[in-house]
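First chain A sits with chain B, and in the next complex the same chain sits with chain C.
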Partner chain A sequence: MRSPTARQDEAKPVRVEPTSTGRSPVVGIGLRRVRDAARTSVHPRRALRNGGATAQRPGFRLALPGLGLYSVFVAYPAVATAYYAFTNWNGLAQHWHFVGLKNFVSVLSSGLERTAFTNTLEATVGIALGANILGLAIALLLQKRSRFNYVLRLLWFLPAALPSIVAGYIWTFIYSPSGPLDKVWVLLHLGAAPGFLGSPNEALPSIIAIAIWQVSGYAMVLLLAGLQAIDEQLHEAARVDGAGVLQRLRFVTLPLLRPAFAVSFVFSTVTGLLLFDVVVATTNGGPGYATETLATQLYKQSFEYNNFGWGMAMGVLMGILVLGVSAAMLWIFNRKEARA
Partner chain B sequence: MQKKSTKKGTYRSGAYVLALAASTLLASTLGSVSAGASTTVNLKMTTVGTEPGLTQVISNYEKAHPGVRITVTAIPSNNYQSTLLTELRGGNGPDIMFVWGGYGNPMAVGELASAGYLARLNNQPWVPTLSSTGKSVVDINGAVLALPMNYEVVSFFYNKMAFQKAHVTPPASFAQLVGDCAALNKVGITPIDEGNEVGYINTLIPAIFADDYVYWKDPTFYQSLAAGKVSLANSALWRQGIKVGNEDYAQLFKDHCFEPNSTATTDTESVAAVASGHAGMNAMLTEFEDYHADNPKGSFGSFEPGLTGSPKSVVLTMDPSFLLAVNAHSHYETQAEAFLSYLAQPVQAGYLSRLSEDIPSVRVNGFRMPQLFQGLSSLINKDQEGYYFSSYSKSPQTKTVWIAEAEDIATGTATPQQATAAVVKTLNG
Partner chain C sequence: MSAISVWAGGAVPARGRGGHSIQRRVGTLVGRAGLAIATVAFVSPVLLSVEMSFRSNTAINVAPLAWPKSLSLSNFTTAWSAGGLGQALLWSAVIAVVSVMWLTVAGQVLAYYIVRRGNRLASVALLYVMAGLAFPAPSRLLPLYELMLSLHLIGNPISVMLFQGATLTPLSVLIYRSFLQRMPIEYEDAAYVDGAGHLQVLRHVVVPMLWPSSVAVASLTGIMIWNDFFTPLLLVGGSTYATVPVKIYTFVGQYTAQWGDIFAGLTLAVIPVIIVFILLQRHLVEGLGAGLKG
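Now for the complex of A and B:
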């Protein structure tokens, strides 16, 4: 489906005045040239059939290294994963048998996987909401350009630059029974300190907090970019119309931040769905099974139980889940944007 | 015109790639030739962490065998299995590698044997000198696939000053252990600081009591297990042992024997707590040097509590450690086997065992037990030895599930019955 904007461009002759959509006319000229060039050239498929004797062939050649790397490092592992998901390979033996859908049935009927799925879901919702709310709050606080704010932005983004495994180890120390958080708790006379990573009820929220601490830096950067792209005149107009701070946030800022939110939410959701490094560094799924996630189960089944086929089936299901959720979120955000 | 120049460019790029590939091939071939010309064999060896004394032993070996160089790569235990499996799968495995016994681990000899990664060592001179226990964990269907260098002892370590302060002695029964807990609590000392954040440590205390129970009921059980006459999967006695182990473990939590939030305490913190006297005792694999490192002036001892107070209900839980196997695809298999034979000689075996505070698996006449085992030497001398279950379970899952279930017992999330049922379910692999 073509967008209304594209149709508008097509109908209009190329002019130097600003367009009604606010887009630069230069972009319009560029698009037109590309379109004209495409019309006059041979159809790409026919061009390839003819030995590629047209302008498309160098492009295809230029894409070859990228396609090669993609095939080796993305496509092949993905296909191999799907293949092993239907086998009983233990990850070691040189022979294996096809077992049909047995691994998939086993994954879906396992009680432990249900626990891992619930934990993953809780973590995903917690991380996506927490990171974006916190990221937005920080972005709003630090959106004014000043040296002090630059430093604060950098500091807030710093955890995002840390490898998750390192973040996990740092927080293991912070959460430990004789760690700094425990000491602060005692100092503030807050009673007995929570068990944090050692308690089955508090371990998952503690891990979610670590992930939020890391991901909110990304969210802040994305939302800050979105905030700075909002025309100040819109706020000014709203202010003249008598809108207060909260009304301007609700009716001006948030709707215009939707594209930034779409990217940020998808990113934080995928982080939650694939939560692994922080869990391994802090609890390795424990205490008991309190922090098992789909990713830790995949790892354990494949590399600790030598149950590779099973792990790969899990991987395929996780891939479908991540793709489905990401696509659904983008669709929801795009639809709302189109309506707006 | 344009087409021509593009084609030319493509040919030129292709020629560069070919030239690069050819030069790489030539360089690698020349490298092999020069290595062959100097007749130096470079053996690659991979171990979990650093093995005390190994560097010295290798240095001695290299002096005696000028044509051999041995490079040791010590990989931390967390990454060892995934790193080594990746190397083996890629055909780039070391010549000699650390492995685990039986099947109870992804890198256990039984698991690796199924992929044909391990060389058969039946003809090596040290094989007849192996104890039956040592042989039982490396013999897979008649093929000896690794050299078990020594055994770690799973026992309780205690701070003598802390015990004196509470007027208690090392317990000789489970009831006395519970009594000691109360006495230590009274004087403000945490009775057991157990570092349960580290997975396998959770299983040590239940395993100790499971072993005691099994030995109490059938003193020949472990001999039968080593001889392959019984298996953990088929033994009703062992299933009962797991139950007793889990129940006793849960009882210790009910009696406030452990530090608060034990599942968030690391082994390092736990050893430090016992070394400083803030805690009275803990159950660990042999790590006496760590207690002394934390408190050089401290005085420590070790004990096995047993179940009933009768000497017949006490068995020393042991775990084969530092098992070394030879890569079946190694170009230097003969040299690697020769080095293992050197390690298995009594001088080297005794030296390494003493430094790592372990018990040698091969016969070492006149081996002096490390000082920490003074409280346990009577058990060792009487062959009252049981085994940590993982080398004899048929699946790596047993250990992992018992770790998780023991954590659930520690946090009150599972009852001993539920934990036992979950562990038993994994015994058949």
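Now for the complex of A and C:
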């Protein structure tokens, strides 16, 4: 990593400056200087020859195309959302004025929004737990290297690569009355099949199952990467000490998987918080409001009722939720990692 | 990157755990059979929908799980022309290719600036770009819509390209940055010593050396762009330039009970993803690991 002081070294390569290590330059001048020179990318000979010009550092104009497009179509809309959320702007009028927290109050006080909020929360917890437990199980079963496992891993990741809206329609058919799942139910003599998407109580769990079907592929891949980073010798040592399979899983594998879990949990919780495509494809929020989520409400309120201020307040709240939950996941897993 | 090895298993032969007793072999076989059955069950919805797309609508409604008696391609012609899926595939491909080109070129140069410049301005630029990860599409949707409206780009595929190119910039920079940080700088220095300028160094040193990460960025963002629905629905929904997921959505609305046509549409939507996935899965996963680690 280069530090701001590195540039000074470069500008005056002959003089000994305090190095980025922060130690006194008196200690081991020669070697350290050469090493730091190498680290700061300046070839010592070249630096001496041209007086240490910074010509080989890329200029800011290289960053401009990327930063420009990003500023116009990501940064500006994000800042504008936060600004307009406090106004009564409806997307059409030329004039608007500040209304304070009115939009936020109306989002948070409506009963329908509370339903959407609890649904989203339920889906987030369900998806995060379901996808990671299933992903971990598959990753553990398929962690040995073989051609057989390789093909199976590809297949377990397949649903993750599908567009969510396509997954939603496929499952709408599978869940449909007298559809495939219904037939399987009869075949296995399980009694009357549940209503799945048509039943107010079973619709949300049915949608969560679809999301788990997709997200578990990502969890598997991330956890497999984590598993393969674990030193085999640790398992060997635990085995020598008489630890069984479950004990090794509990005391060796799981603690060392925490960084992988952190990433996987961030991914799955964010998917849950933004749940939209699958709901639109399956129930569109119904039956009643049983499967309304924050994202479906944002769309409906903004474009069916032209309530833009409301939609932007919801957008701000979703942003805060995503940021807060991601930070919480990283904190939880890194804290435990530090303790372990 | 540890993620690389996740998919590298193919070349390495299976390693038994020492013992070769018959019991253990039978155990392995039973275990493998169980795993294979579970896997087939897991992906069966995909297999089922591909199979359905070759059946007539009445055959599906009467016996959804029965073995097909005859196969036909008529669903595909309906989906392709009447459903407009052919056009949607074309526009999805154009949008994905243009956006991915932007993300690999502008994202790479931006990451190069951030990593190799390494001064305070570069750190601020990095922080500024990464802040974008904290604003999901819903937190930007409405001003973006107004912006596109004032640029007269609603219903124009350019709006989706601009949106995807900008939205995925943080991910692209993150992946390139993690590769660049591990790339030795000596090659670039040698080129500079020989009198090359920034653009020459980029073209002849950085781009070739970062090629694997470009494939990772292209495959990962390509699939994300192809699958995205939330914002494209608003930008090109109802227009002749609808992307595949948006078209599927309107198509299902038109053909509510015609499962055969719907499944043909779903199959058409999925085939390109599966092809890219099979060709590039190693890079895809690598990029996923690098991107999410940031």
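The rule is simple: the second predicted complex is superposed on the first by the 272 of 340 C-alpha atoms of A that agree within 3 Å, B and C clash if a C-alpha of one lies under 4 Å from a C-alpha of the other, contacts with A are read in each partner's own complex, and residues count from 1 in each chain.
As a working rule, a contact is a pair of C-beta atoms (placed from the backbone, for glycine too) under 8 Å apart; a residue touches a chain by one contact, two chains touch by 3 or more.
Here the structure is a predicted model, which means the values were calculated and not measured.
In the superposed pair of complexes, A:M312 makes contact with chain C only, with no contact to chain B.
Using the contact criterion defined above for the overlaid structures, shared-chain residue A:P58 touches chain B and also reaches chain C. In the superposition on chain A, no contact is made by A:P205 with either chain B or chain C. When both complexes are overlaid on chain A, the residue A:G285 reaches chain B alone and has no touch with chain C. After superposition on the shared chain, chain A has more residues touched by C, the comparison being chain B against chain C.
The interface of chain A with chain B overlaps its interface with chain C at residues 57-58, 91, 178, 303. Those residues of chain B lying in contact with chain A across their complex are 3, 6, 10, 81-82, 85, 106, 111-112, 114-117, 196-197, 199, 259-266, 269, 395-397, 400, 403-405, 407-408, 410-411, 413-414. Listing the residues of chain A that touch chain B in their complex gives 53, 57-58, 61, 90-94, 175-178, 192, 195-200, 284-290, 300, 303-306.
On the chain C side of its complex with chain A, the touching residues are 2-3, 5-10, 12-15, 32, 35-36, 39-40, 42-43, 45-46, 48-49, 52, 64-65, 102, 105-107, 109-110, 112-114, 116-122, 125, 128-129, 131-132, 134-147, 162-163, 165-167, 169-170, 173, 185, 188-189, 192-193, 198, 201, 223, 226-227, 229-230, 234, 244-245, 248-249, 252, 259, 262-263, 266, 269-270, 273-274, 277-278, 281, 285, 288-289, 292-293.
Chain A meets chain C in the complex at residues 1-2, 4, 6-7, 41-43, 46, 55-60, 62-63, 65-67, 69-70, 72-78, 80-81, 84, 91, 141-142, 144-150, 152-159, 161-167, 169-171, 173-174, 178-180, 183-184, 213, 218, 221-222, 224-226, 228-229, 263, 266-267, 270, 273-274, 276-277, 280-281, 294-295, 298, 302-303, 308, 311-312, 314-316, 318-319, 322-323, 326.
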